[in-house]
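Shared chain: subunit A. Partners: subunit B in the first complex, subunit C in the second.
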Partner chain A sequence: MEIVVIQVLNSLFYAAVLFLIAAGLSLIFGVMGIVNMAHGSFYALGAYVTAWSVAAAAGALPAALPPAALFILLPLGAIAVALIGLAIEPVLLRRFYQRPEEYQLLVTFGLLLVLEDAIRLVWGGTPRTASGLVDSLGLLQIGGMPYPVYNLAMIGVGIVAALGLWAFVYRTRFGVLLRATAQDRRMAAALGIDVGRIYSLAFGLGCFMAGLAGAIVVPSQAAILGMGVEVIVLSFVVVVIGGLGSLEGALVGALIVSALRTITIQFWEEIELAALYLIAAIVLLILPTGLFGKKA
Partner chain B sequence: MSAPQAPSLVRRAAAAAAVLAALLVVPVVAGTYQTQLLTYGLTLAIAALGFNLLLGYSGLLSFGHSAFFGAGAYAVALMMRYLGVTSMELFILGGIAFSAVLAALFGVVCVRHTRIFFAILTLALSQVLWTLAYKFFWITGGTDGLRVPFSKLTLLGGLVGFPGADAFAKFITFYYYYVLAAFCVCVALMWLIVHSPFGKTLQAIRDNETRARFLGVRIWRYRWLAFLVSGIFTGVAGSLWVPLNGLTTPDVLYWPQSGKIVFFAVLGGFRNFTGPIVGAVIFNYLEVYAVAVTEYWQITLGVILIALVTFLPSGVVGSAARLGARLKRRREASA
Partner chain C sequence: MDKEQIQQERRGFLKQFGATVGAAGFGAAGLASVAGSRPAHAAAAPKGNIPSRPIKVGHITFLTGAAELLGGPGQHGHILAQEEINAQGGLLGKRKIETIFADEAAGTDSNVKELRRMKLSEKIDLFTGVISSGNTPALGPVAEELKVLTLFNDGCTDFLFDKAVPNPKYTFRVTNIQSADGVTAAIGAATHWPKARRIASIQPDYSYGRNVFEHFVLALGKLLPGIQVVSESWPKLGTTDFTSHITKILSAKPDLLVVGVWGGDYVAFYKQALRYGLFDKMKVATTLAFGGYPHAIGKDHPEGVLAGVHANYHFLYPSAERWPINKSFVERYHKRWNEYPSFESDGAYTALYLYKQAVEKANQLVGGWPEDEAIIAMLEGAGFNSPAGYLYVRADNHQGYKDAVTGLSRNLPGYDFPVWDPASIVTIPIRSITAPPSWPKPGQGHNESTAAADWIKKTWPQAKA
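Up next is the complex of A and B:
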């Protein structure tokens, strides 16, 4: 019984991470119409920036502050990634919005190659960790089995992020502008919305969420090379199941994918990823717009 | 942006003959290493040729062609390991069979969609194969891969083998001509395909799907056939590539490999028959020399790719052709 509880919690933790990445991917697609192949690399960037800043700050931390004060660095890591995204969008992506999808995919694939190597250039090939943060929150006993409180806290972060994103998109003025631009770019521009600014901010917000996913993952797993390349295909699976461009879809897709992943790892580890990719293909075949996507 | 006027068939044939003559003397004038590099380039060019039947002629961007390249490569490695086959001709037949079955299956699923959905579907399906090769290590060797040593290989129905310690140079020379012959056959076949009524129909579907449907064209069937042919060409390329590499690992099935194949076509120019061929050969040199010069070769390639799609969307060959046409017009105007 305890093992079930623990596996459910693990699955929810993983779902929180996947949701953050996939929601960013879906937001960027929904508003700007481009599929960002480099999105996983922004996630990796968030992990590396956070691990690096935690390691740097841990040495310089005044003795009066508890180690948990380092948690302030998690959102800072995400903000750093958002700033990088805000710098990249006007320079690189803006000229591609009116061009065929092939070119949009290719330019973001080029960006992926650049970011992956830039990470290696800056931080080298050795894995980076920030496990001190997990230790600082201690362990919880679940039916006699120790479980890190950190994971529970990060499930909470995932829930807050989902609610915050929902409120942002559906309850603020900026959200209205965002949705208007997503629905009809020309009409939005004709009504005086600064579409270029909306695009930049949507891209920045997407990058922020990918960076946050990386930041909350790195204390419990290490930041390693190739983590962005690995996660991007899985996030495609999530958004395909949920429906490209839909935030609700990203949430449900992330829950489904991480639950399936936990179950297959438990019972038949070899087919874990194969099963996920196959399910994505089947969903695309039967429901091309996913569970929550809008009909074309 | 008018397309440059197509040269006459005679001039094209003359140009092709000149290129072939130059390719034939390469092992004589260049060393073993350069010959080996060009052999790699030619195998990749066959993959690019197959890929471009989809992107260039059918307007479908596949991000999963690593599946067929890897299927060709793994077909060879598995046949050698489990069936004890050594004949390259049998390997190629095996590679064709394996990639054809795979492409037929994948095709049924993928051709129902176009654009971004097609790209994601091909990506997801190719990654199924990658995880299988990666996880079922007792069959596929896992990340260690499977070895295909050239010393065990025989060409031309067992007539030529490469035993002995110093057989490498001999292997490269022989194998270069072998790959060159296969390359010529593939180019000729693909030329016939894209200029056949079938190829013209694919281009009609690419340019205006609704109109083609109105004319009674069965769009799915044509796309499926194109998918099949494209997969087989890329599979043959994988089969030819693996003895050269001596090893196949799950990396050839991983999706960045598909990205490389897309890169070939974009580098050369995919709206052009020769573009992807030239692109694959250039890419191969680019990668080898970038790896030799800097540890950070991916940055180099990434920057080149971004620069290409931003400034030279018609690729090296397309841009050269346009430049040539402009120079010709200027000469005629001043004459």
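Up next is the complex of A and C:
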């Protein structure tokens, strides 16, 4: 029984991470029409910045401060990535909106390669960690099996982020502008909306989510070269199932992918990836735009 | 089982393999008398006219991705050897070494294209490097076709010389053969934990993990009576979230977990396993925990884990007193890179020096710059005093062999990362755990996955309960 409970929690934690990444990916596509291949690298960047700042702060802070104070640094990793995103959008991406999709795929794929190398150049090949944060929250006993409280807290962060994003998109003025631009860019521009600014902010917000995912993952795992490439593949499976451009789709897709992954790992691991791609293929066959995608 | 019985059983294993436990074990190998072990003619002046044109070397290794943890140290080892040789004026005092690096993470197809490009447009004289077992079987046949002298420093799958290149001419490999890795972990585990019966496994889901699992279970089954595999996990290479795998392993309640997960994946694995209490509930035997940059593993890594190095080398062993070559290598490496070497550093460093030794010997025999054929003749059956110990290159399969080692992790003062507990190091003469030269390869009268598997099945005695 405790195994089931822990596996469900494992699955939810992974779903929270996948959702944050896939939601950003979906948001950027929904508003800007760009499939951002480099999105996983922003996730990796969030992980590296967080690990680096936690290590730096742990050395600089007075010993009297509890290690839990370092939690303040988690959003910092996300904000740093958002700022980088805000800088990249006007400099690089803006030149490609009018071009066919192949160009956008190529330029974001190039960005992925540049970011991967930049990470290695700045932080080297050795994994970076921030395990102190996990240890500072201690362990929970579930039927005699330890479970890190940190993971539980981060499932909470995932839920809060999902609610916050929903409220932001559907309950604020900026959200209205965002959705208007997503629906019809030219009409929005004609009505006096600064579409360029909306694009920048949407890209920054997407990067913030990816950075946040990296920030919450790094204390429990590690910042590792290539982590962004690994996760981007699964994130694409998530958005294919949920529907590219849909936030609800990202949420449901993340839950489905993560649950399916945990179930196959527990019972029949050889088919882990096959099962995920099979589900994605079935969804594409029956609902080509995904579960929550807009009908073409 | 009481302590005395365990001691007795341990002595049994060690006797069976000629293996030893503890730092004093080095030198037990019976290979030192093999042909080709005469010292290098370092002092002899080169004969004939040597062109001053540089020697071009191609080196493919992981420069990005999670496997950079292995590729980075390999590149450092190669550069150190290159700089040292060039500082002495180059090969035969004349020919400086120039290296072209390429990223192995580009994938097998790209690696093959890159090797062709290196040979055809860059005109390389020597090809080195390669970490992944998925890549050497693709690159080996191409190297033979292009007739480019190749010293792989890893990519150690048995498949390369069992099947992909069964009669190698241009292709050699420096680090120990892959089946030795799983077998070494099994002997290490059986030596330290002879009571283990319920076995769980977590391996990366590709040829390396499959090979480790098969040979570990096969060897352990011969060493310990009545073992049972209670759980298998096969995460994809590059996995970073292991929580579901860890929970699955815990649910099977094993005594012993064998881990072939490596590189950045292993760092992520042990961090998560630690917080899930995995190391408190079972013994853990790994094949590659200490395989990357030594400092990649944190002090939070539990002690008493069998920390594998691909059965090759960890920098504190052979000890300074018994093998000064290693001490000097570690010092020079640390001075150059401000870090400690890994087994890939030793492999890449040794590969280049092995080439140098063969070139010098061939030059003494034929004069001038030797043809590849002459260099190959000097590589076949060559012996070399590498930092990791005495290395012997078998003539029949072009595979390098040296004593296999593994040890238990421990935090020792003076290092910011865990190293081996000197008292726990298990050294096994390589001939005790690899199939002999005449042993039939897969497809020649047996259908095991490797010659080693067939040899173990047919010749190792079965431990009785």
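Throughout what follows, the second predicted complex is superposed on the first by the 296 of 296 C-alpha atoms of A that agree within 3 Å, B and C clash if a C-alpha of one lies under 4 Å from a C-alpha of the other, contacts with A are read in each partner's own complex, and residues count from 1 in each chain.
Rule of thumb we're sticking to: a contact is a pair of C-beta atoms (placed from the backbone, for glycine too) under 8 Å apart; a residue touches a chain by one contact, two chains touch by 3 or more.
The model shown is predicted, which means the values in this text are computed figures rather than measured ones.
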Original post:
When the two structures are superposed on subunit A, do subunit B and subunit C clash or fit side by side?
Top reply: clash
Subject >> First (subunit B), second (subunit C), both or neither touched by A:F42 >> reply: neither
Original post:
Where does A:D117 make contact in the superposed view: on subunit B (first), on subunit C (second), on both, or on neither?
Top reply: both
**OP:** May I ask you to decide whether A:F208 touches subunit B, subunit C, both, or neither, giving the answer as first, second, both or neither?
**Re:** neither
Original post:
Can A:V240 be said to touch subunit B (first), subunit C (second), both, or neither?
Top reply: first
**OP:** For A:V229, decide between first (touching subunit B), second (touching subunit C), both and neither.
**Re:** both
Subject >> subunit B versus subunit C as contact partner of A:L284, first or second or both or neither >> reply: first
**OP:** Check whether A:L273 is in contact with subunit B, with subunit C, with both or with neither, and answer first, second, both or neither.
**Re:** both
Original post:
Which holds for A:M145: it touches subunit B only (first), subunit C only (second), both, or neither?
Top reply: second
**OP:** Would you sort A:W52 into first (subunit B), second (subunit C), both or neither based on which partner it touches?
**Re:** neither
**OP:** Indicate the residue numbers of subunit A shared between its subunit B interface and its subunit C interface, in ascending order.
**Re:** 116-117, 120, 229, 269-270, 272-273
Original post:
Mind pulling up the subunit A residues that touch subunit C in the complex?
Top reply: 3, 6-7, 10-11, 13-14, 17, 116-117, 120, 125-127, 129, 131, 134-135, 139, 145-148, 150-151, 217, 220-222, 224-227, 229-231, 261-262, 265-266, 269-270, 272-273
Original post:
How about subunit A: which of its residues touch subunit B in the complex?
Top reply: 35, 92, 95-96, 99, 101-103, 105-107, 109-118, 120-121, 229, 233, 236-237, 240, 244, 269-274, 277-278, 280-281, 284-285, 288
Subject >> Touching residues (chain side subunit C, partner subunit A) in the complex >> reply: 63-69, 71-72, 105, 205, 232-236, 238-241, 243-245, 247-248, 250-251, 264-265, 267-268, 271-272, 274-277, 293, 295-296, 298, 300
**OP:** Could you pull out which subunit B residues touch subunit A in their complex?
**Re:** 55, 61, 63, 109, 112-113, 115-117, 119-121, 123-125, 127-128, 131-132, 135-136, 255-256, 259, 262, 266, 296-299, 301-306, 309-310, 313
